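In what comes next, chain A is part of two complexes: it sits with chain B in the first one and with chain C in the second one.
For the complex of A and B:
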């Protein structure tokens, strides 16, 4: 039982990192809460399904096209809608949530209902870790989760765009003074966040079936992880994903699987009562010194 | 050449800048002196275009109404409508009041982010120049900028602004809160920057004495209006100015 929790809790944590990191990235860079995150996640899954099952493309090509489509959708959402409401916090939430609702319920309207839709796993087979059976798709999920974190880290350290994102995330106006266009960085952030949601979807959906309801679940999971970790803090997001991932798996192991959502909602409430800025409330200690 | 004519800024009905005319020639050093809240920072925001962002954000959140009038020209072209990042691309770079470094990034990374507009070769060359200008930074490159002392932060802030390859460098209160010994290092960098980078510098300060030997021409601002202007010698010899801004009677 102990090893079971250790291994599957770890996998659940990485799944949460994948689900939440895009949301955290968008908020960190542009201060936009992207409530359409879950919808983009689900949409990418269905786009990949259409390319794969209906257009008959190889799965890898379908996956790449679907992720590119998610990025493009992110850019469009930013320039057509979010740019106009940016700075009005309530409107940002309403607009992004409305986009999410429109996408998810639009998919349902188009007939994507029930649990008959599935994506194939990238890898088949089962291995044993500490005598616990783990299928290869879940191992792939863990590897990809770490690969994604490493990619983002390298991107922000060594590329011009990545550094610009990091600058804007810390002080938007100071970045502007250095010639960084905050609209471009925000659009890139929304696109990257959407692509990360897409990657997460294509890894996680093959473990179950492709259903529209997942969109709402993923949104709540992402928000819970980001609130507990501290909104906009990338290190906090990863840490909170591990805390919540293990809490969820322990709940599944000793309680009932459907209490998973309760864990997330309780975590949000507890964080807001005890420590509203989360594990890593942004730069508080550092700012005091200046 | 950066020129401002008839620049006025209102915060709601409060007049923050009143009809400011300013002229900064190529490779000149201009001083702007005035007490706290005289309008120095507002003028720097107006010149750098940050005021447009402040105006937009205030409008979006239903805050203060900010009105702008007048014209700002760079090399003869009107840039009044250009956003801050577009002005930075033209070479007008602000090193803001209270420094505003990226606190979680290392000194090296602050400079690297500053080099957003620079080519790889320019960035490397400017980085070497900054280290030569402020040797104290050499052993701090890996340190998080938020943990530096005020003086070190100011050096990084000037270095970061230089990385953006400015033609006109706007320094807003670079000496604020620094110890006199550190003030000395920061002030001495101004003539060196002017000579070796061949750029103009516009510097604001509350207390003119440490800066005045290095400026060609200066403006004194009180309550948003330029009450006096002249070469540094003319201002230094004016008894009223001497008492108010140089701290000797």
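For the complex of A and C:
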């Protein structure tokens, strides 16, 4: 039982990192709460399914195309909508949420419901870690989660675009004075966040089936992880994912699966009441409370 | 040399009758009294005659009542968002709490519907205010996120602990004894809520509430507790929301976790933004547009949510003033193009 929790809690935590990192990245760089995150996650899954099953492309090609589509959608969302309401927080939330709603319910209308839609796992087979059976897709998830974190870290450390993202995240005005275009960076951030959501979808969906409801769930999970870790704090996101991943798995192991969501919702409410900047974020007293 | 580029701008000037009727001179002539009263009477009469006009078609009568329910929820959202500065994405929380309390009062304690609604409105508003009290210091997006989670948490708690009737909810709640009491009870409730809130925001207490939105630091500097002011405003808003929820469950005789559903939080926002935010009347107009529209789209299933969401996005991004602010401008001002020299 103990090793069970240790191994599967770890996997759950990395799944949360994958789900939440895109949201955190976008908010961290350009202070845009992308409430369409869950919808983009689900949409990428379905796009990959269409390319793979309907068009008959090889799975790898379908996955790459789907992720590219997610990135393109992110750019479109930024230039058509978010750019016009930037700075008005509430309009940002309402507009992105409405787009997410339109995408998810549109998919439902087009007939993508039920458990008939599945993506194949990238790897088959089962291994034993501490005598706990773990299928290879979950191991792949862990490896890819770490690979993704490493890529983001290298990107923000050694490439021009990555450094620009980091600069805007730290101080937007100073970055603009040094010639970094704030709009282009924000669009890149939204595209990158959407692509990360897409990557997460393609790794996590093969573990279950493709359903529209997953979009709402992923959005809440992403918000929970980001809020507990501190909105916009990237290191906080990773740490919060581990805290929440383990607490989720422990509640499921000892209670009903219903509690999985209760844990997340309670975590959001409690964090915002006690410490709105999150447990790993920097305090910004006046921005968030009076 | 090309011709110098001629530019024009739109000049807006208040109508004479508006300027005169803005003060006590309104009492002088019938024309000016009429100018002030006409829009108010138009709205009131529309709602008072609506049940009479719709009585031959009971189905559309119910749709008319749904307009009133959504209008109440939207007024509550508009008041909180544009007069207090608290953007609540959880209107369904007020609605569900009101509904459940009324259901319990009616089925467990046998209170007649109107008494149950009264108890649910007041008790529900107290419970909502106390539940939201710890979040009141939060601002902007932080408050929006936390309120979005409240109704979702209620759904999950009811499912997980199987309390309050579990996923089944309560059934067999008493309905109203006639078509006319059902219709006029709600229409009067809506008109009272609308005009009372409009009056409230212009009183001294309302001035403090609006000041919290504009500059909470100055309110604090004046020695007034920001949180207490916000709590009072939340109480008023949740009175409206709880009344809507309590009334609705007596119309359909059952209540379930769908009372906390996400649509009930999103629809009022859509109605407010389409109707015109910050006017309190705008949300009513928005509701009167959205509900019949959604009835017409009922056959298309989830497509209607897509339509809503797209209309909402369009208004947020391109026409954020909404219908009511546009109409007010046309009613009160004349516009003309003037050349810039």
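In the analysis below, the second predicted complex is superposed on the first by the 281 of 290 C-alpha atoms of A that agree within 3 Å, B and C clash if a C-alpha of one lies under 4 Å from a C-alpha of the other, contacts with A are read in each partner's own complex, and residues count from 1 in each chain.
Operating definition for what follows: contacts are C-beta pairs under 8 Å (C-beta built on N, C-alpha and C of every residue); 3 or more make two chains touch, one makes a residue touch a chain.
Quick caveat, the model's predicted, so the values are computed rather than measured.
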Checklist entry - In the superposed arrangement, does A:150 touch chain B (first), chain C (second), both or neither? => result neither
Checklist entry - Who does A:166 touch here: chain B (first), chain C (second), both, or neither? => result first
Checklist entry - Does the superposition put A:266 against chain B (first), chain C (second), both, or neither? => result second
Checklist entry - Where does A:178 make contact in the superposed view: on chain B (first), on chain C (second), on both, or on neither? => result first
Checklist entry - More residues of chain A in touch with chain C or with chain B? => result C
Checklist entry - First (chain B), second (chain C), both or neither: which does A:61 touch? => result neither
Checklist entry - Regarding the shared-chain residue A:72, is it in contact with chain B (first), chain C (second), both, or neither? => result neither
Checklist entry - Once the complexes are superposed, what residues of chain A are shared between the chain B interface and the chain C interface? => result 85, 89, 287, 289-290
Checklist entry - Which bits of chain A are touching chain B when the two form their complex? => result 85-89, 157, 160, 163-164, 166-167, 170-171, 173-182, 283, 286-287, 289-290
Checklist entry - Given the complex with chain C, which residues does chain A contribute to the contact? => result 33, 81, 84-85, 89-91, 93-95, 97-99, 101-102, 105-106, 108-109, 216, 220, 223, 227, 256, 258-259, 261-262, 265-266, 268-269, 272-273, 276, 287-290
Item to check | In the complex, chain C residues that touch chain A | outcome: 81, 87, 89, 134-135, 137-142, 144-146, 149-150, 152-153, 156-157, 159-160, 216-217, 220, 226-227, 262, 266, 269-270, 273, 300-303, 305-306, 308-310, 312-313, 316-318, 320
Item to check | chain B to chain A touching residues, read off their complex | outcome: 48, 50, 53, 56-57, 60-62, 83-85, 88-89, 93-96, 98-105, 109, 112-114, 116-117, 144, 146-147, 150, 153, 160-161, 163-164
